[in-house]
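Presented sequentially are two complexes of subunit A, the first with subunit B as partner and the second with subunit C.
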Partner chain A sequence: MTEEDTTTSPRNRFARSILREKIPVSRWVTNRILGLGAINFYLFALLTITGTLLMVYYVPSTTQAYNDIKDLGTTVSFGSIVRNMHRWSAFLMIISGFLHMSRVFFTAEYREPREFNWLVGLFLFLMILGMAYTGYTLPWDQKSYWGLTIMSQILEAIPGIGSKLQYLVLGGTEVGQNTLTRSFVMHVKLLPLLMSMLMAVHFWRIWKDDHITLTFAGEDHTESPNQLEQPSVTWRYILTRETSKFLLVLLFVLVFSILFNAPLEEQANPMVTPDPVKAPWFFVGLQEVLSWGAPFWTGIVAPLLAIVAVAVIPYFDHGREGIGVWFHPSRRLSNVLFTAAVTIFIGLIIVGEFMRGPGWIFYWPWQHWSVN
Partner chain B sequence: MFIDQTSRRNFINRLGWGVFLSTIGGIMVASIRLLAPNVLYELPKEFKVGYPKDYPEGVHFIPARRIFVLRENNRFRAVSAVCTHLGCTMRWSEQDLAWKCPCHGSVFNEKGGVIKGPATRPLPWYDISVSLDGQLLVDLNKDVSPDHSVVVNV
Partner chain C sequence: MRDIFQWIFGPLVLVVILLFAGQIWKEYHPPYLEYQKQFKAMLVQKANPDAKSVQFNYGVRQRWIKALNRADRCETCHLGVSDPRFIDAKEPFKTHPDFMTHDFGKFGCTVCHAGQGRAVTLAAAHGPVENWNDALYHSSFIENSCPQCHGVLPTNKMPEYTHGKSLFNEDGCLGCHKVEGQKRTQVGPPLNIMGARVKTDWLFRWILAPRAYLPHTHMPDYTFSESQAANIAFFLTKDGLTQQLELTGSYENGKRIFNESRCLSCHTVGGVGGIIGPDLGKVATKLLPERLLQTITNPHKLWPETQMPIYGFTDSEALDVATFIDQEYIDFDLTDQQTAQQNTLVNKADAVAGRKLVQEYGCIGCHGKISGIKDEGEIGPDLTSIGNTHISHFEFGSVDLPPKDQTVPNWLYNKMLDPRLYKVDLKMPYFSNEPDKAIAVTTYLLSLKGELRVPNTYKHPFEQAPSTYSPQGEVGMIIDKFRCLVCHKIYGNGGTMAPELTWEGSRVQKDWLFRYMKNPSALRPLLVERMPRFKMTDAEIEALYNYFHSTLVDNRVEDLAVGEAMNMPHNQQEIIQVGSDLYYKNNCDACHTINLKGGAIAPDLTDSGKRLLTQFVEFYLHDPKAFVTQSVEPVYHFSKPEITALTAFIISHKEEK
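The block that comes next holds the complex of A and B.
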């Protein structure tokens, strides 16, 4: 066979044209070293797969759910590793989602024309939290039960429709089987479906916004970090890079899951609230805020204000300087404010998690409190 | 003739939209209504809590129904064990003569009044009476004042 023969055979033509050809991609893609957004996507895939495996055994019943989770940890082959992977990927996704948003903020990449995608991203992040929350309710242990109780009482504090909404969410007047079923439906169907759709929009906007910025740069002839470069990388390079990244994420979660077991508290018991009862770590900051006053202000107004504040950032910041640059000097004030807000959030979590003892009384981390 | 045709087309157009919107709207309303159950398999709101003679002096937690039954001499009273802040089950502290909530630290005095937030509303007291068979009968549907009690000579 001659050279010509191999290069014109259909298979090679495919390889040449698709995989080896240099393609023009914007620096937004080629320069992504961390690629936290992609990592989020891989974690979503991992969660879907492990979640599907868990569903084979799990029955969302108040009498059976707890034992199913126990069984997964004891009698099912590799059950505990799969459950651990599901849990640790979820935690990782909260963290990498948060880091992804911080990265976008610190490099000012939420600015026009990407405001809309910032909003989509924010909703995706809230849905990650929603998934984590509903996921917490499914084992039907004490954390599940009391988490649901507190959440439903917060809903009731919404003026006007509060108690009606609470009735719908609980499926009755108290936390019970209907509540668990509803939580389950949200966790395995509604939220994943919405998230997949929003993710598609998110990815599409990345591509679309790149082209819009290219047009901008072409119009005013300014050097913009957003412009598409000369063809520089091949699909093969991108695929190799991303597959390796996926493998790294997978290995990390796998090793972590072999080493550390996901906890399970005592079975849900409406008669006894553990003292202290702590929300899952990503909500313990909210629990701390809840301890300050009326649920209407601390459980509804405060979180809503925080969400709205994040959502409107791109609509207030019309600067054009420092896009795509980490910690650009012209953005010192915004960066300081953002860092302060994040510090407060993390501080609330630390106070709630490590400095609150029985009766939600303040303790320094080195002070001991007896569990009763 | 021409006018007739446009107005007919207009009419059909509107009819189409009307049918479309009312169908979708109706289905949505029905779907939301479906989420609110009409029959609840929850515990009854009126129930018996045993014989007065089985209660010594003091505050007694009835776990299954999340209430406290109090006895002072021959007077019996019933109060909710559910924190009015966000619904956690409270514990009675004999030391401080107060109910304490483990979730966000609310404290209630012997009368059910808030000593320490974040709770704002006092604990509800429930109607208590003696049923025909001599057992104490609590009715969660009836809120009463903290002094409401039933006197039983035991």
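The block that comes next holds the complex of A and C.
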């Protein structure tokens, strides 16, 4: 929008005051930081809308759930596209959440005063994974059932409270209706509520931290930290830009949903154990680690250590150089270490997903699984 | 300040709106609509010309069967299943052949046909598709679903299933495979004294290729190598006797007794004869002379489960028959040199290896007793719920099939044709490679679904549970000795080859029974399986008659005997003449014979006056299907005087045949 638009048109006082008035705006509008956080928010919105629509048909019952999902795919109007969009948005949210965290790390923006927001973000990411996992259990297909079975075995491996915890999660001693009910409540009530609250905190902290910070990196802001306070763009500009981004995300999810159906395995059947039993792809890396040793160490301690390690990064990194700059030379070691860790974990997912056959035996992707 | 996002905003809105519009268009054009349009066109064609318009609503059609927790949408495309006007239409519109007997509102479709009832596209509904292996049954195997409601008993209403079940039982599948609720019956003879029973060279040839000796034997072919066969033969015969009995009876006399006794009612020689017993064409190459004699004298002593009766021959008669068989039924293609060679091969074989083979291949499953072998239960997989087993439990081995052909029926069918198809070193032997038998057995196997998949209210058995009738005491021993129940049925127990005897006491006269037992004549001349001539004693016949007369009667007939029927003027010539006119007017002679004149389908009436009881004829003419429901005798609905006249005419024939 050009200068004269904002000042000379008296036609619509409302539009003039709200949409055309130049406002101070946070860096993320003008800096090249990809806007991944906003994309996560859009996906959350998409998931909320499609999820609500899915709840119209879905009944969380072990006898009914699978049939309901089948019906969504076969006869319910728009059932297939809504379910596909829900599934692919969720996958995309895991990826964009991960990329968002990586971006924050590579630009060193977790540092003081944002260390608390880094923690909030980490918890939000864990909740995304929790949502995805509980969502996986709802169709009550083989993946749901055997995924839950593996998880309950991991929980049982915790010394002392293991079996109690397992009982709590399963709602009994074996995977059944109570497990499904608990998953459902987590997926549609508890986790969305917690996520919304944490998201509010996350957004509030962004705003607050931006104001606290006096040190800005980047070519435009280094000299004048108060740039923020000066009006630069209009609300209309921001709205158009963000709606476009939302539409881009929507378009991507929509096209993907038209092209690819969300998978649905066979109905949960305790009598038939698939071989190999594979967790949802975002947990298959953990499953790969799990296959290396005792469940307590590989399934509980190792992931917890990883989470703690990520959580404490801001409290150990007290450097002031390179904030807001991609791959700042002073942070070469941290970036290399981080990249290596991430690469290893992605590698684990790839190995688990594509190179493990029956009995969790290693196969190259092009090798034929021998069934015996 | 403009950037890329400001530029693409408009086009993005447009593209997203277009995509959503496309989704709405797609929603209104499902694939099944094409079929529904075709069907509506056919409906218009078939409609009554007076009707103004045809009622037809487009959309998904669903049967929701609450009791079965099934939603079947098959009728979305199969639109004519319950409309008899579409009996000649092509699929998917054809009328269902059973639409009158099976209420689709109660059963739906998939409980019998399988497939994915919830799907409404051809591939997904029929299957198999990924993650839905419960594919539509091929029509050849469809009867596997019937026993869920109609019970597991054999019936001609489920011919494929019944055929498969009898093959499964008779070919001894239960020897190696457990099926919950079914008794493991030993279909083969015990093998514990083989050395005293059969010739070693024969046993070697038999193990090598059973069907070369008996083309229709139940014994499957294990495709043993010559050395394996020799090892087994040596192990089974090593404790045999060396002393050979010399049969010194009269060949001519033996031949006479053999023919008189009607051995060929059960046994076949040169393609002629019955199928109950084994082919005797080359039996002299098999049995040792002593064993042959023992079998003819008292087969029950050697093998209690045999179907062969004890004829009651005297020792010399038995010796004569044995002599005849030993000299007559030899194999002309077999030279002494060959048998000598085979004997040497067997005698040089390894008994320990033979024992190992006999143990490993589970021979004891069918041959109840083998000395030196312990029965360790069924060696094959449990088949109790094979028809309900997930495809992932079936291994296709090196057979590379596209996923759409990887179905349980397909696996089973090909396994029946070639038992070692999926794994070459299996022990399962080769039975028959005839496709119709493979279809029958596959149908039966698929019916083994383990637990009941329909509620109890859906049960509607075709047949009653089999009878446990078993005569006791003296009569019981006689009936067992002559194995009457192999051919005759009494109170639902027994064979179907010969007439049922449940009401025999109400049917025949005492004198006739005595004559018949001494010298059975053929009542139905067309049959091959004729009553054998047993050497029954008078006491035995007396006991049988008393049993028949006191127990095997029908009160409806017995009541006639003391009622008005006996007071009828059966001897008056005029009445007999009326009966005669009725007999020929109704073309009874098309099937029945009197004095060599008439048809050969129904029993000969020449001696009915001496054979049948008057009250039986009366009763039978009232209701020919009262006893034998499948009787081909037409129901004429004669009046009472007509029945009296016909009875008089029929029992007036007292000629000896």
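Keep in mind that, in the parts below, the second predicted complex is superposed on the first by the 338 of 372 C-alpha atoms of A that agree within 3 Å, B and C clash if a C-alpha of one lies under 4 Å from a C-alpha of the other, contacts with A are read in each partner's own complex, and residues count from 1 in each chain.
Note that contacts are C-beta pairs under 8 Å (C-beta built on N, C-alpha and C of every residue); 3 or more make two chains touch, one makes a residue touch a chain.
Remember, predicted model here, so these are calculated numbers, not experimental data.
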First, second, both or neither for A:103, with subunit B first and subunit C second: neither
Subunit B versus subunit C as contact partner of A:266, first or second or both or neither: second
Touching partner for A:233 - first (subunit B), second (subunit C), both, neither: second
Subunit B versus subunit C as contact partner of A:153, first or second or both or neither: first
Which of subunit B and subunit C A:250 touches, first, second, both or neither: second
Partner chain in contact with A:63 - subunit B first, subunit C second, else both or neither: second
Touched partner set for A:208, first subunit B, second subunit C, both or neither: neither
First (subunit B), second (subunit C), both or neither touched by A:81: second
First, second, both or neither for A:274, with subunit B first and subunit C second: both
Overlap of the subunit B and subunit C footprints on subunit A, listed as residue numbers: 271-272, 274-275
Subunit C - residues contacting subunit A, complex: 1, 3, 5-6, 8-9, 12-13, 15-16, 19-20, 22-23, 27, 60, 62, 69, 71, 73, 118-121, 124, 131-133, 390, 392-393, 395-397
Touching residues on subunit A, where the partner in the complex is subunit B: 146, 149-150, 152-154, 164, 167-168, 171-174, 176-178, 270-277, 287, 290-295, 298-299, 358-361
Subunit C-facing residues of subunit A, complex: 1, 63, 67, 70-71, 74-75, 77-78, 81, 141, 233, 237, 240-241, 243-245, 247-248, 250-251, 254-255, 258, 263-266, 269, 271-272, 274-275, 371-372
Residues of subunit B that touch subunit A when the two form their complex: 32, 35-37, 40-42, 63-64, 66, 85-91, 100-105, 107, 117-118, 120
